[in-house]
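One chain, subunit A, links the two complexes that follow: it is found with subunit B in the first and with subunit C in the second.
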Partner chain A sequence: MSAPPVLRVSNLTKRFHGVTALDKVYLDVHAGQIVALIGPSGCGKSTLLRCLTWLEQPDDGFIEVAGKPLGRELMPGGVVRRQNRRQIDALRPQVGIVFQQFHLWPHMTALENVVRPQTVVLGRPRDEATRRGIELLTRLGLADRMDRHPHALSGGQKQRVAIARALAMDPALMLFDEPTSALDPELVGEVLAVLRALAGTGMTMLVVTHEIGFAASLADRIAFMDHGRILEEGPARDIMAAPKEPRLRNFLDLVRADHRIVTTTVTPTE
Partner chain B sequence: MGFKLNYLLSILPRLIGAAAVNIRLAVIIMLFALALGTALTIVRSLKIVAVNACIAVVISFVRGTPLLIQIFIAYYVLPAVGLDLSPEVAGVSAIAFNSMVFVSESMRGGLATIDAGQIEASTALGLPPHAIWLKVVLPQLFRRIVPVLINEATIVVKGTALLSVITVVDVLRTAQQIASASYRPFETMIGSALVFLVINLVISLSGRVAESRFAAARV
Partner chain C sequence: MHFDPAVLVDYWPLLLQGAWLTLQVSVAALVMGYVAGIAVALIALVPGWLPGLVTGCYVETLRNIPFIIILFVVYYGLPFCGIRLPATLVGTTALALFASAYYAEIVRAAILALPRGQFESARAIGMSPMSAMWHVVAPQILRALVPPSTNMTLTMMKESSVLSSITVPELTYQSLVVQGNTFAPFEVFAAVASIYWLIAVVIAEASRRLERRVGAVQAEAVSRNRIADRYLSLVARRT
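And then the complex of A and B:
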């Protein structure tokens, strides 16, 4: 039997006060794969990622991380059992998430941001955690910024610290929610370069992005989402070259026509 | 009977000696107020409707009634329900309870200014709730409410003078004793006012230093 996928999402459904944000989502991500998740604004990409770290509780469906159920498990006999916070917290370090807005801790230095979760959550000795933090920050080009507080870092630097913080937990899977869209255009490149380097190390990643060119060049697979459903999913090359779904074709045409229009004005209409 | 500086200077040592009582009580009160105020803030953040409704009633009582009456309740009324407290304990309890509410109110205000994204990032990393409070929220919250805490500390120091009415021998009661023996209320009251003024100036100044240090770190 082959190893279970790093991420298996089945029948995931999430409603907000009657609005269906996720509609029976199925998705597998295998070890070492990079999956780009694309789709118009409001189609549920962020909601999916948030469900995968249980920041949002799905109403239905299952999530498995490296073969282990997250949040809710199906017991023999068809009984669904909800996990408690402790069980969920135990799995959370396996799934690293990087947000659009970084969400660093402002009262800690860059290094402390990376060290603290290791000592608190994984119980790593402080010097080992510090060594790991220095190693990661150096690898991400922040060797001379480690003692700065977030307010004294540029957006790109903050985002790299946030990536280092997630990586320090040795996750099986990294989730990125539009990691470059809060950045000034000239800072986008440095963060994309980090993602590229990360891809080179064989990290399994699920990346929500509006950078279609980047998705096409980096991702192994592309999943297209609309109205809370994954409408089409397949090898990146096939999706880019020969999209089957009309809505995906429309979406790609729009993106190619003008990247800016997509990020600001496309609404999820038929 | 005019004002005699010499007489004022002669009673100052006794008043300063008595100030040790006010300072000791104020420190104890502030420690309790901080600990209980923090605990109360955490309880309120759980958003349990019935609990928060009860807390809201208590808060409106504390904010809407004079501190002096609250002190009298602790000293004269609680014994009726079997809680016989010494003057100091009753006084400390009453002021600490009062101050706890103000600390919690300002913490709740500060809480709203802490970006929810940070909490979500902490949660996603696997930090359990107590660690999020201890490592992420409270350190930022305390820094943010330093000005309020400093202000509250000066109010508490002044509040300890009220304990003279329930027989705690503090600066004010010492001054009254001196005045009733010497018939010189002018100097004694000026003297006790000076003692409080100096204590609170020291608190305000050290608060300002702490504030500017946090401002320099911009957190």
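And then the complex of A and C:
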């Protein structure tokens, strides 16, 4: 038997005031894979990511990160036990998330953004954390930007600081929420290069996006989500070439038809 | 009748003692009230209905009752429960209680004004709620807290005059004593008004300095953008 998937989501369900945002979601992401999660706005993609970091508590279902249950676990005898805050916080560094708006901390320099969580959460000595921060930022091409505060950085640079901040925790899995949407369209290629380089290191990634081209050129597998359900999931090539699900076919047609409009004018609100 | 400040000559040490106590009481109430206020604000932000309800009751109770009544309830309520404490201590505590409700609202509003993503990104990376508050939220709201807190502190300092009604020998109490001895109320209260004014100026100035100090840390961050770097910096730098 091979190792457990890096991420296993089963039967995940989330309701907001009676509206079902996630409807029995099942998803496995294996080590080294890049999975792109696509779907129309409001389909539950971002909600899924928020549940995977436990910023949103799913109403039902289970999440396993590198074989360990997150948030809720099934005990022998079928009893479901909720984990306490400490248990959840202990597992959180394992799931790195890069938010759509990055959410860097503006009162700290780029380097401090990367160093502080290591010292606070992992208890790393400061000089070791600093060494790791410099190494990561250098690798991401920010060697000459480390002493700047976030507002003195461009969007692409901010994103790379956010990536470094998450990577410094040595996560098993990286989540990206719409990595192209907060940036200028011409930067899409740059983001793609960064994520590809990350993939080259064997990092496992789940990328939420509604840019089909981006998903197709980056991902090993694509999952299509609509109305809170994953309707189709498979190798990227198969999904793009021969979508089986009619709604996915529709979605792909629509997005391909006016790709430019979609990428430049739609601001996702979910 | 004519204005005769000479009547105050014999009594100025008494007024000075009163002013000193007013200042001490105000500073003590500021510290106690702020600590309580921060605690109440943090509890108010704990998810769930109970923390919000409890802190809401606390804040609304203290805000909706005149300070003099809060003072009387505490001052006469404690002996009722068998606790006897010096009036100055009781008065300071009541003043701190009163101010804490407003400080709590100031702190809570400042925290809520910060984009949620700041706290969430700290939590998602594994920081505990308290660590996230300390490392991420607190440094960012510090400056915004100063002006409203100063207002409240000035109000609270002036409200401390009410403590005279439970025999705390602060400035107003002493002025009543002096006035009774000299039968020159106008001169006495004019002098006392100036002393209160002076204390307020001292507090306001202290707050201005604090704001500048806290602001300097943040302004340093702001001035470090690329354009500002080039045009505002006095240090010659390579291009």
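Heads up, the rule we're going with is that the second predicted complex is superposed on the first by the 259 of 270 C-alpha atoms of A that agree within 3 Å, B and C clash if a C-alpha of one lies under 4 Å from a C-alpha of the other, contacts with A are read in each partner's own complex, and residues count from 1 in each chain.
Keep this in mind: a residue touches a chain if its C-beta (ideal position, glycine included) is under 8 Å from a C-beta of that chain, and two chains touch if they have at least 3 such contacts.
Worth saying up front: this structure is predicted, and the values here are computed from it rather than measured.
With subunit A as the common reference, subunit B cannot sit beside subunit C without a clash.
Look at A:Thr53: by the touch rule set out above, it reaches both subunit B and subunit C.
In the superposed model, A:Pro93 lies in contact with both subunit B and subunit C.
Legend: residue contacts after superposition of the two complexes on their common chain; A:Arg148 is shown touching subunit C, with no touch to subunit B.
Looking at the shared chain after the overlay, A:Met169 reaches both subunit B and subunit C. By the touch criterion defined above, A:Val121 lies against subunit B and subunit C together after alignment on the C-alpha atoms of chain A. In the superposition on chain A, contact is made by A:His103 with both subunit B and subunit C. In the superposition on chain A, contact of A:Gly234 is made with neither subunit B nor subunit C. Contacts of A:Arg85 after superposition: both subunit B and subunit C are touched. When the two complexes are laid over each other on chain A, subunit A has residues 53, 55, 85-86, 89-90, 92-93, 95, 97, 99, 101, 103-107, 116-117, 120-121, 149, 151, 165-166, 169 in contact with both subunit B and subunit C. Of all the residues in subunit A, the ones that touch subunit B in their complex are 53, 55, 85-86, 89-93, 95, 97, 99, 101, 103-107, 116-117, 120-121, 149, 151, 162, 165-166, 169. Contact residues on subunit B toward subunit A in their complex (touch as defined above): 115, 117-118, 120-129, 131, 135-136, 139-140, 143, 217-219. The residues of subunit A lying in touch with subunit C in their complex are 53, 55, 85-86, 89-90, 92-93, 95-97, 99, 101, 103-107, 116-117, 120-122, 148-149, 151-152, 165-166, 169. The touching residues of subunit C, when paired with subunit A in their complex, are 115, 117-118, 120-129, 131, 135-136, 139-140, 217-218, 221-222, 224-226, 229.
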